[in-house]
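The following block contains the structure, expressed as structure tokens.
Per-chain residue numbering starts at 1, and chain names A, B, C, D, E and F are given in the order in which the chains are listed.
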Amino acid sequence: MNKQLNISTFIGCEKTYEEAEVVLFGIPFDGTTSFRPGTRFAMQAIRNDSFGLETYSPYLERDLEDAFIYDGGDLELPFGNTNKALEQIHTYSQEVLEAGKKFLMVGGEHLVSLPTIKAAYEKYPNLHLIHIDAHTDLRDDYLGETLSHASVIRRSHDFLGDGRIFQFGIRSGMKEEFEWAKKHTYLERFALTTLKEKVLELKDVPVYVTIDLDVLDPGIFPGTGTPEPGGVTYKELLEAIHHLQQLNHIVAADIVELSPPYDPSGASTAMACKTVREMLLTLGK
Amino acid sequence: MNKQLNISTFIGCEKTYEEAEVVLFGIPFDGTTSFRPGTRFAMQAIRNDSFGLETYSPYLERDLEDAFIYDGGDLELPFGNTNKALEQIHTYSQEVLEAGKKFLMVGGEHLVSLPTIKAAYEKYPNLHLIHIDAHTDLRDDYLGETLSHASVIRRSHDFLGDGRIFQFGIRSGMKEEFEWAKKHTYLERFALTTLKEKVLELKDVPVYVTIDLDVLDPGIFPGTGTPEPGGVTYKELLEAIHHLQQLNHIVAADIVELSPPYDPSGASTAMACKTVREMLLTLGK
Amino acid sequence: MNKQLNISTFIGCEKTYEEAEVVLFGIPFDGTTSFRPGTRFAMQAIRNDSFGLETYSPYLERDLEDAFIYDGGDLELPFGNTNKALEQIHTYSQEVLEAGKKFLMVGGEHLVSLPTIKAAYEKYPNLHLIHIDAHTDLRDDYLGETLSHASVIRRSHDFLGDGRIFQFGIRSGMKEEFEWAKKHTYLERFALTTLKEKVLELKDVPVYVTIDLDVLDPGIFPGTGTPEPGGVTYKELLEAIHHLQQLNHIVAADIVELSPPYDPSGASTAMACKTVREMLLTLGK
Amino acid sequence: MNKQLNISTFIGCEKTYEEAEVVLFGIPFDGTTSFRPGTRFAMQAIRNDSFGLETYSPYLERDLEDAFIYDGGDLELPFGNTNKALEQIHTYSQEVLEAGKKFLMVGGEHLVSLPTIKAAYEKYPNLHLIHIDAHTDLRDDYLGETLSHASVIRRSHDFLGDGRIFQFGIRSGMKEEFEWAKKHTYLERFALTTLKEKVLELKDVPVYVTIDLDVLDPGIFPGTGTPEPGGVTYKELLEAIHHLQQLNHIVAADIVELSPPYDPSGASTAMACKTVREMLLTLGK
Amino acid sequence: MNKQLNISTFIGCEKTYEEAEVVLFGIPFDGTTSFRPGTRFAMQAIRNDSFGLETYSPYLERDLEDAFIYDGGDLELPFGNTNKALEQIHTYSQEVLEAGKKFLMVGGEHLVSLPTIKAAYEKYPNLHLIHIDAHTDLRDDYLGETLSHASVIRRSHDFLGDGRIFQFGIRSGMKEEFEWAKKHTYLERFALTTLKEKVLELKDVPVYVTIDLDVLDPGIFPGTGTPEPGGVTYKELLEAIHHLQQLNHIVAADIVELSPPYDPSGASTAMACKTVREMLLTLGK
Amino acid sequence: MNKQLNISTFIGCEKTYEEAEVVLFGIPFDGTTSFRPGTRFAMQAIRNDSFGLETYSPYLERDLEDAFIYDGGDLELPFGNTNKALEQIHTYSQEVLEAGKKFLMVGGEHLVSLPTIKAAYEKYPNLHLIHIDAHTDLRDDYLGETLSHASVIRRSHDFLGDGRIFQFGIRSGMKEEFEWAKKHTYLERFALTTLKEKVLELKDVPVYVTIDLDVLDPGIFPGTGTPEPGGVTYKELLEAIHHLQQLNHIVAADIVELSPPYDPSGASTAMACKTVREMLLTLGK
């Protein structure tokens, strides 16, 4: 007879914090979302629905139960105070990295990647960023706010600088953003075709991978706040993730923008779950 | 920084098993449901959405955090094997009662009350049953099966016998069931009006309370498998529960038949959550 | 082993046309619906979900299986041609009445009651009409169209004349409609309170009963095209239907405006099903 | 042939700003919502669905088209910056009041009432507040934030002071909030019964009315972020609004917390629409 | 402070009628829809959700704000009277064309393309028609009605005649329709592969483009009334639209059959929005 | 005037049992479903929505109305008693095969294929099995139960033995299952590419085809109980089915795991309908 308090983790992630090599945590924050909120519910939905998955990946031929992954839950953040929320995420990410572990953060809206990328950059000053998304996220501000989900990559550039950011799948933005990108980032429009070769270039440098799930076509992945038609298929995203196996030094990653309220059937959540499994196995190899 | 595995309990129910006076557990079983399955998801939804509630009840003027309640999660049951599932529920219920604790079980379909009532009866042979429901649940069998959600009270009568069962809110059944009830149970049709006086009669005997949430009108509580129009309002159910405060010897209780797939707005789940809170405070006073 | 083509009737309505006293049929028409279409799916949903009901009514203490009811399905009507559709409904209703049977028609939008009321009037020139609804339905035209769901009672008055129409539950209309009603119909606003006494007045004349389910409060009955808050509870509607038992000469009836697309949980359909059962037992006593 | 840009107003509210006595505006803000966001979509949904309503109220026997109401749309607010959003709302409200007009603001979450109440207080220092809600909203802070939907009435008390706040329908809060209320506000628990008499007391002072629609039972009004079972019926709310006709000096009002994503059938939006109509007619008499 | 009545247009379409080169208008009509109605809500949903889009197209490298587009709203049509509705659409289309402007009409069901195609033909007798759809729409009648969504291309052939109609993506119809097409139209089955070459043939003649969005696979575009599996991807449709840039003389176009009630996540509406943007930029180049 | 009881069949399947070559029947059973139940509703939904389809297949250039197909409805099975349910399915299947007919069974969960495959094997001892699915279904037991949807192919191997089972599209399973498959079945991972050649090998032996619709990517087919991302497109499945035309001796087939509760838009049901039509035409050629 079980006498523990009810535990709820992502399937197969039941190692202790101490023994873990990879820390999984959620950020239930969607405070700057401009169109349709709901990403705050993502990690809870992913934990619940991960039980429809197997722990074994026939693609990578590895099993979550053989990896060393700890799921500590979600950070509890203040509502309506963006700055304070970002600080707390930053502190938490630093602690994990200082303990010599990698992490997979699950958002939340894309802005929550800013403090996690920053923490990784502080530990690994030569950090490079792989950014998979439908949107450029290169606005300098959004309705006057410089901390916005639409600015997260621009804000990351503030410290990473030129030559460090690699963007794939981009199909939406203002004209100014596309022009800015020409000077400051590598940007592939509409597809993930060149990811394979760029991964080879980044083989031995520290890399952070940020995946905005809205890179997927909303026809197959409706569960997101800002659906942008014309995206990639799930097989294409899976293949891209499998290319990441070539990287020798991924230090952390995130998966953001699942919005369960726009996923009435659960299919988008299932895709997020499988993406989490494959990324955990990628980080924990 | 939290270093525990992610814990998920009903709000305010974080005492250990050892210190608990009341054990909360879920039964994710809907294997004999004839019309629309889904009650297996009830306890998970209730745990998630309990965070929209306060822990304090302004009705009872008590707080969950001051009570001694342990939430150990859900039993993991075999699929498609009704007998084995019922046995496991029975064993678990016995263990809790043997440890000198009370329990609140959350279904699942109504058949799962059979082993919990039986365990209570085995410990308290003078057990009386308060049954709040839309349906008589007095069929001898359903399509030939004697273990069915439509037979749970009839099967309970097999061991409790005449004079022990008090039914309220009943508005659906076969003609034969209503006639059988006239001889073997106390049955109030359509309302909960006489509950108040019956509670006074049962003041000092051991009592088990089983609440099938479909006693509520489906207009206000759509999230159930067999909606039966013409039911009571939530205020009426709340008032009925508050009458139970008069009982000196409630030994266990259950709340069954919430079906989250039929609750797209979450309002039915919110009602179930509040009912759980009020029943926990009733058991734990 | 069943060797018949798959039959799908409302539960307990499996008498042949020849032996039937009451004919149940559906009109899948919502062609003049101005706000939100969908009532065309009502009868199909009602047939499917009737299997969540018992055939026995503990209110009336009678069973559908003991009544003589035939369910012949839905009329197949042309799309986009209102006049032709109304003619076909009229012809069908006449045939049923000519065969000495009563009918219960299930809409569809309210306009489909016009040809069925007319057929009843042609056979019973002293026909009186009991109209239960949220809306007056007394417009002379709607955006220039005189055949509209918003005009069905006004069009019925064209042949029934003054003193024959009794309206209950009305809580929406133009100022002109309420004023017109003062001169030409009996109209109770907001409730069904006076139905009981009016039924006694109509005890021995031929009566047609038309029930627009939007008389129910949309809080409990969302599944309708033009939700009008402030309506009656299902218990109040049920009580009203039970008053109809006093009528000695109901000749036909209809139940309209269930719109399954706005009933994601099925609770409104369950209410419609129970209303159909009670009305069938009322017609078939 | 229409040659104007497409106009979208609440039904019957097409007077110009200059000729208007009442200004209707929406606040699409839900930035501090702790449980389930979505109220940002309320006013858009209300405008769209108001066309299922009549402009005439048979309760008040007045017509929106005869009143002088201007609908200027929604304020465009920054995302993720609570302070700046509140300032902009405050400025707008002041301008309307300075122009000698009343307003009906439609939220958004309840925090958006703080700047509108404040603007009214600045113009009418003797302002009294009628607060209809399920929740006390009297927390001093929520997870450390003093500007929160759970604190809006407490923050209003900061400037209004004792004896000015009248709360009705309250059924949820922390123990401390209920105790604080005993000293500083008038608070009726669970119902709206005493509103009628309090309105008579407030007959001749300036009054602001804030209606949090979650005072309604979530069984009938699921479309809200924090559903709290045990609430009032729509008829009870309607009756309460009709009592407000006795007030001689309502200066402004708001209706908050409709959350369309939790209203799959549209019934909650229909209730909000009718509440807006009745309040507009109350303000514009 | 805004003092205009609330304006609601498709994003970036705020030119006046006078300055506009392209007129955008909606037809909220689904009166002959045989299976599942709801397309009447399309244009409203598209306007609302267009704010999730950027005005800039990275495909065409042009911006809506630089084009001259007027959005005058939807035509208000009589319900249940197909002939009158079609006449009013015809008159409006004629007026726009007579004023020397192009138009993009958004349905509604496909029958509403008949009067707009006709108006274009009357002005441009050498009109050719590009028809992208899942269905042939070549029935001579549907249940006896010759004016039906299933007949719209057949009716267009009545005046256009042989050699003028080019159909792509077709995968559903009666055997007779496919045989008729062999003699009277150009028809590509299952795909849009030959569109590119046909566009070159039509380079210099006046062309009307009618896009029934159900050409998309319902797996990715569920929000339509008659889902027909086996359709094209959104990328394929986008590519087809981009081929249309080669046409020198597009005179008008339409996009029909989005049905928001079958689009619970909004993804289909997002596809319709992006299709509208790309077609507006195509017409307005 | 129709005087038959209401008949409801899959479109175009109205031959009598006696004249039929192919029998269509449904199994509304989901009793061992571990994750999300609901497949019991599949056949009812498929019958209802088949009326959105044409009876003619432009792919096969044949029409259902020209085939000899009988739709006898669904078997009525006991709830909660897996063994008894499987026996009844077995008996029914045997009777159909003994009468010299083929059948197409529509599930239900995948376990219901076990008795139908067994019946086919008993009549055709040289039976080969084509299995199209996302999951291996090769577990020896699931939580201790050997009769489970996750074991159906393993249980079929118990009697079919090695060399008889051909699996396609498989992308989920335990490591042990994939290893077991290497020894006992033919298994293609992730795609249906090799089906074409295997069909040629099986050209002249008796073949049973079992299609678990979750082989489709859940992005396009969300309506299933265990969504597994990374699946095939509908065009790929359609092409696979069309390859089956090469088989000279298909004796029976099934299509399982559509779960309508997870198909809010109906698109998955539409895919199931079209698959049923194509398989009926394949069996009935």
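Everything below uses one rule, namely that a contact is a pair of C-beta atoms (placed from the backbone, for glycine too) under 8 Å apart; a residue touches a chain by one contact, two chains touch by 3 or more.
Bear in mind the structure is a predicted one, so any value in this text is a computation, not a measurement.
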**OP:** Check every other chain and keep only those touching both chain C and chain D; list them.
**Re:** B, E
Original post:
Which rotation angle, from 0 to 180°, best lines up the CA atoms of chain B with chain E, given as a multiple of 5?
Top reply: 180
Original post:
Which is it for copies chain E and chain F: same residues on both faces, with over half shared, or different residues?
Top reply: different
Original post:
Which integer distance in Å separates the CA centroid of chain C from that of chain E?
Top reply: 39
Original post:
What whole-Å value do you get for the distance between chain D and chain F if each is reduced to the mean of its CA atoms?
Top reply: 55
Original post:
Of all residues in chain C, which are in touch with two or more distinct other chains?
Top reply: 217, 219-220, 264
Original post:
Which pairs of chains touch one another in this structure?
Top reply: A-B, A-D, A-E, A-F, B-C, B-D, B-F, C-D, C-E, C-F, D-E, E-F
**OP:** Using the touch rule from the top, collect the residues of chain E that touch chain C in their complex.
**Re:** 30-34, 37-38, 40, 76-82, 84, 111, 142-145, 147-148, 261
Subject >> Contact set on chain A toward chain E in their complex >> reply: 35-36, 170-175, 178, 189, 217-220, 222-223, 226-230, 262-264
Original post:
Where on chain B is chain A touching in the complex?
Top reply: 1-9, 14, 16-18, 44, 47-48, 70-74, 92, 95
Subject >> Parts of chain A lying in touch with chain F, wherever the complex brings them together >> reply: 51-54, 56, 58, 61, 63, 216-217, 219-221, 233-235, 238, 264-268, 270-271, 274
